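In structure tokens below, several structures.
Below, subunit A partners subunit B and then partners subunit C, in two separate complexes.
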Partner chain A sequence: MPRKEALKAALLSLILFAVFLGAWHIATLPKESTMAAAQDAEYAALMGKGAEAKGGFPPPAQVGKAFVAYLSEPFYDRGPNDKGIGIQLAHSLGRVGLGFLLAVLVAVPVGFTIGMSPLLFRALNPFIQVLKPISPLAWMPLALYTLKDSSVSGIFVIFICSIWPMLINTAFGVASVRREWLNVARTLEVRPLRKAFLVVLPAAAPTVVTGMRISMGIAWLVIVAAEMLVGGTGIGYFVWNEWNNLALPNVIFAITMIGVVGMALDLVFARLQKLVTYVD
Partner chain B sequence: MSEHFLTVEGLGKSYPPAGGKASPPVFRDIHFHIEQGEFVCIIGHSGCGKTTILNVMAGLERPSEGNVIMEGREVVAPSLDRGVVFQGHALMPWMSVLGNVAFAVKSRWPDWKKAQVEAHCARYLEMVGLGQALHKKPSELSGGMKQRVGIARAFAIQPRMLLLDEPFGALDALTRGTIQDELLGIVQATRQTVFMITHDVDEAILLADKVLLMSNGPLARIAEIVQVTMPRDRTRNTMHHDPQYYRIRNHLVDFLVNRSRDYAGAAADARHPPVVRPGLADGPEAAIPEPASGRPAARAVHS
Partner chain C sequence: MSEFDGKAFDPDRPLGGCSCGRHHDQASHDADAATGAEAINREVLQSSVMRALFPRDGERRRFLRAVGASTAWAAISSLVPFGALEAMAQDKGSLEKKDLKVGFIPITCASPLIMADPLGFYQKQGLNVTVVKTAGWALIRDKVLNREYDASHMLAPMPIAMSMGIGSNPMPLNVATIQNVNGQAITLHVKHKDKRDPKQWKGFKFAVPFEYSMHNFLLRYYVAEHGLDPDKDIQIRVVPPPEMVANLRAGNLDGYLGPDPFNQRAVFDEVGFIHILSKEIWDGHPCCSFGVPAQFVRENPNTFAALYRAVLTAAAMARDPKNRPIMAEVLAPANYLNQPKTVLEQVLTGKFADGLGQVRTVPDRADFDPFPWYSMAVWILTQMKRWGYVKGEVKYKDIAEQVYLLTDARKRMAEVGLTAPKESYRRFKVMGREFDPAKPEDYIAGFAMKRT
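Entry: the complex of A and B
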């Protein structure tokens, strides 16, 4: 029964998608105004491939061509402004991965400590509350000035934006480990480190991984904006570059890829979450 | 005093005043002792501080006054010498049944090899009838089975003393009976020293050598110590044929229903609460005919 349901849902999704494509196609049908054609042809010659989009919003067929072109050769590299989508995504993923990993290394131990000690939690809470709502991109000037490297600054921005949800979730998860489990550990005279790894960490793991999932979601949102700012490489830069080329089909293609990769990242953490969740 | 296996001396607990009003201590002047191999139950209404007393004995909580001395040493922190079975089974849901017991066993004997730990755990889990469920997660078990794992975990570390906080409180009557029988068998075989909180009068009579009766809180205290004088090899199925059973039972129920509240704050010799043997008595229970053998009637005696 649920299998049948899933099939129906998939079919419905396909129909919706087809309707969407159809509507898009109809909305972007060429109009009867070809008066400026000659002038445009010259302009097109000047602009190269990007100027294909001149007639307004690109129809689905044109965007489809961009999909085919980029996906058939994802890893080509023809200079700084013309790289395959695979390379651009790899740059973005590398930055997100590194920044996120650094954030895990800081947030989980610190969250663990303040979760165990209400005193430290109270002492650090004002700082966390002030730093948390700051848009990660607001750090960019400071980062660029102190780190003096746009790529490292991007990583720093990812680090700073992914740290808070993990920190808060870890602290909360650790602080709300059931008293009775801690009492069991106490009556068994379990050493602090063993208690931390065998009792507190598994007990708090679902909350910690939820924090990671939120952080990863935010990091992927932020990296696009950060790369638009710092430029050079990455999917965010790609979007910005294609916008400067007025190559809207490529922009639409890139937007779709951002969505797909974001979904894949989320799925990884959802799987991880399932792995550490326990039924009480 | 210290010749007893465990001595509780002048124990009292009061909580910091909430909302400006100083509340009287929950209990005060609690004195009793437990001998090696003895099974002691404590009965009293909710709120008289039974769980707090047990937690103090376990070392999980500090009393406001008084102390607990076990084998000549004051109890100040939890120890592997005192196994605790918690009210809610307190199993770690991410570990298997075996893993839960093994966690305790490895805490007790950190040098043991994996195979040795597993064999030891399996033995104790078989003892409580869970030999088939070693690799299940606690969530796959019924309430009674979870509680059995908790009991196996406490027994597996071979503590000098067991503390049981209403271990069967959440179980249905049928399961409760079965596990009581198992506990009785294990305790009789191992001569384990046990201190147990219960609300169930029959459970107390079945398992205990003596029953501490607590008056209602606040200012709760030990009102009486009832010795269960029935032979130790009693079983749940035959216990009620013993004429002593009803006398003891009536005495306990009468205390809980009628007398427990009159003691609150009453001045009496807290160090030596009256020890009674209603099973042998011809006191208020005299209406029940004595067995033909006619044991000498014993009234309240002071220890």
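Entry: the complex of A and C
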């Protein structure tokens, strides 16, 4: 039964996609140009007439062409400002990975500490609440000014945006470990470090991983915007560069890639979440 | 440090004693190895001249003891042009830094410094230059301040503003060359085809690429001459050039005074038309410049000279109208401007569709005269003062002559076989109004609309 259900869902997804493509195709059918035949041939040539339809939204076929072109050669490198989509994604993933890792290294231990100590939690809470809602990109000018390096600034922005959900979730997870388990640990006279690793950590793990999953989602959202700002390399820069050329098919291609990679990242954390989840 | 402090002029020291022959012993040679290339150059020169004059070291030392080092210096330097020799030695000296990063904004203004890369002009000078596309002028400013870029494409007023510490921390910058003259335009949305008189523009939203840009100053000048107050009657926003066309299409803007290819691109995409070219406001106005931090110039004189020659060679090539179609080809790929070739061709050859159904031919629509006239800098300063970007007394001449490297430009232009103008200041006309660089304050006083 569940298998049949899944098949049905997949079929429905496909139909929806086909309907979407069809609607898109019809909506973007070429219209008669408003600038009629009154103009001479020379003017028309300078306006790029006779070439591919331009201006307006690109039809699906044109976008499909962009997909084929970029995916058939994902790792080309034609100088510092023109690299294949694979290289761009690798740059973005590298930045996200580094910033995220740094955030884990800070957020988990700190979250652990403030989760164990209600006093610390209360003391730090106002700061966290103020810093949490700041848009990560708002940090960019400050980061550029103080860190004096655009790629380090990019990583810093990822770091600062992914730290809060992890910190709060870790603290929350650690604070809400069931009292009975802690009491059992106490009666057995388990030493604090052992208690932290063998009782609290496994108990809080699902909440911590949920925090990481949220953080990774945000980090992937932010890297695109950050790279559009800072430029150089990465998928965000790719979008910016193609926007610069008003090449919407390429922009749509890049958007799709961002979505696919984001989904893959989320799946990794969903798997991780499954691994650490337990039944009471 | 006096000029004759070299050890060749020290009577108490033999010439020789270490591996290079300029030190008492190897230890002091090693200690000195850390000093600048210039000082070493100078010493090598002085030593070799003194050796030639006095083949036996004992004679040299007796001579110096007898007459004193300074007299000896005076006597010998009257015979031997040390200064010129030093300059020659330096030019041929080794490059201090070979791997350079140069930033640019993807607009045709940057053509010379971009095309020097694919055409191998940097390589020919022994440099390994990476030209890095950058998202906006504020980022160019920050990356230059951070020293991420060794040199960069900049708007002509930017190095002046940055050197003065306006809109950023002060950082002494130099303008090595002007990148381009003319080549901008006022583009309006197609719905304004009937509003060709600026008096009808009340309430329009315009865009310029940066506060400290020729675009901003020219647009302000243009509307003010037509009786509109640029701060009250119209709105001027800062929008990065690549976003101008998209914003015009979306109706967020009524027009812009922007860099090409984005004027021609608006025409090509049928969202805008070219109202006037910037050369109709001031024919021969500078737009962008090749900016280099003063510290870089000081620390890497040979590299700077090589970079200078590369950019000038490119400028010379760009000036020739018959090279323009090739330039369009070279600049169009995604690594550089990332634009349709036909758009670039129209900008560079000056034969273009104006968006109103006409084909116009203006061969000097864009030009690439590299000479950094001081008078250009003075004009920029007058406009900065006029619109309140700087307050109080402005030392026009001092700033212009400090930031714009006109003397260097002359020298390097001669090296690559270009003839530079003899004078450093010149008068010109902006919309018919004469500008005299010797009387900047009078010029400002002559405007009805100003914020002083």
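Definition applied: the second predicted complex is superposed on the first by the 259 of 280 C-alpha atoms of A that agree within 3 Å, B and C clash if a C-alpha of one lies under 4 Å from a C-alpha of the other, contacts with A are read in each partner's own complex, and residues count from 1 in each chain.
Everything that follows uses one rule, which is that a residue touches a chain if its C-beta (ideal position, glycine included) is under 8 Å from a C-beta of that chain, and two chains touch if they have at least 3 such contacts.
For clarity, every value in this text was computed on a predicted model and none was experimentally measured.
Student: Taking the superposition as given, does A:W181 touch the first partner, subunit B, the second, subunit C, both, or neither?
Tutor: Touch status of A:W181: first partner only.
Student: Identify which of subunit B and subunit C touches the larger number of residues of subunit A.
Tutor: If we count touched residues of subunit A for both partners, the winner is C.
Student: Of the two partner chains, subunit B (first) and subunit C (second), which one does A:P202 touch, if any: first, second, both, or neither?
Tutor: First partner only, subunit B.
Student: Once chain A of both complexes is superposed, is A:E5 in touch with subunit B (first), subunit C (second), both, or neither?
Tutor: In the superposed model, A:E5 contacts neither subunit B nor subunit C.
Student: Touch check for A:Y145: first (subunit B), second (subunit C), both, or neither?
Tutor: second
Student: One more residue to check, A:E189. First (subunit B), second (subunit C), both or neither?
Tutor: first
Student: Determine, under the contact definition given at the top, whether A:W240 touches first (subunit B), second (subunit C), both, or neither.
Tutor: second
Student: Using the touch rule from the top, collect the residues of subunit A that touch subunit B in their complex.
Tutor: Touching subunit B: residues 178, 180-181, 183-184, 186-190, 194, 198-199, 202-203, 205, 276, 278-280 of subunit A.
Student: Would you tell me which residues of subunit B are touching subunit A in their complex?
Tutor: 58-60, 77-80, 82-84, 86, 88, 90, 92-95, 103-104, 107-108, 137, 139, 157
Student: Using the touch definition from the top, list the residues of subunit A that touch subunit C in their complex.
Tutor: 34-35, 38-40, 42-43, 45-48, 54-55, 78-82, 144-145, 148-150, 228-232, 237, 240-246
Student: For the complex, give me every residue of subunit C touching subunit A.
Tutor: 106, 117, 130-135, 139, 142-143, 145-148, 242-243, 245-246, 265, 267-271, 333-336, 338-340, 342-343, 346, 351-353, 357-359
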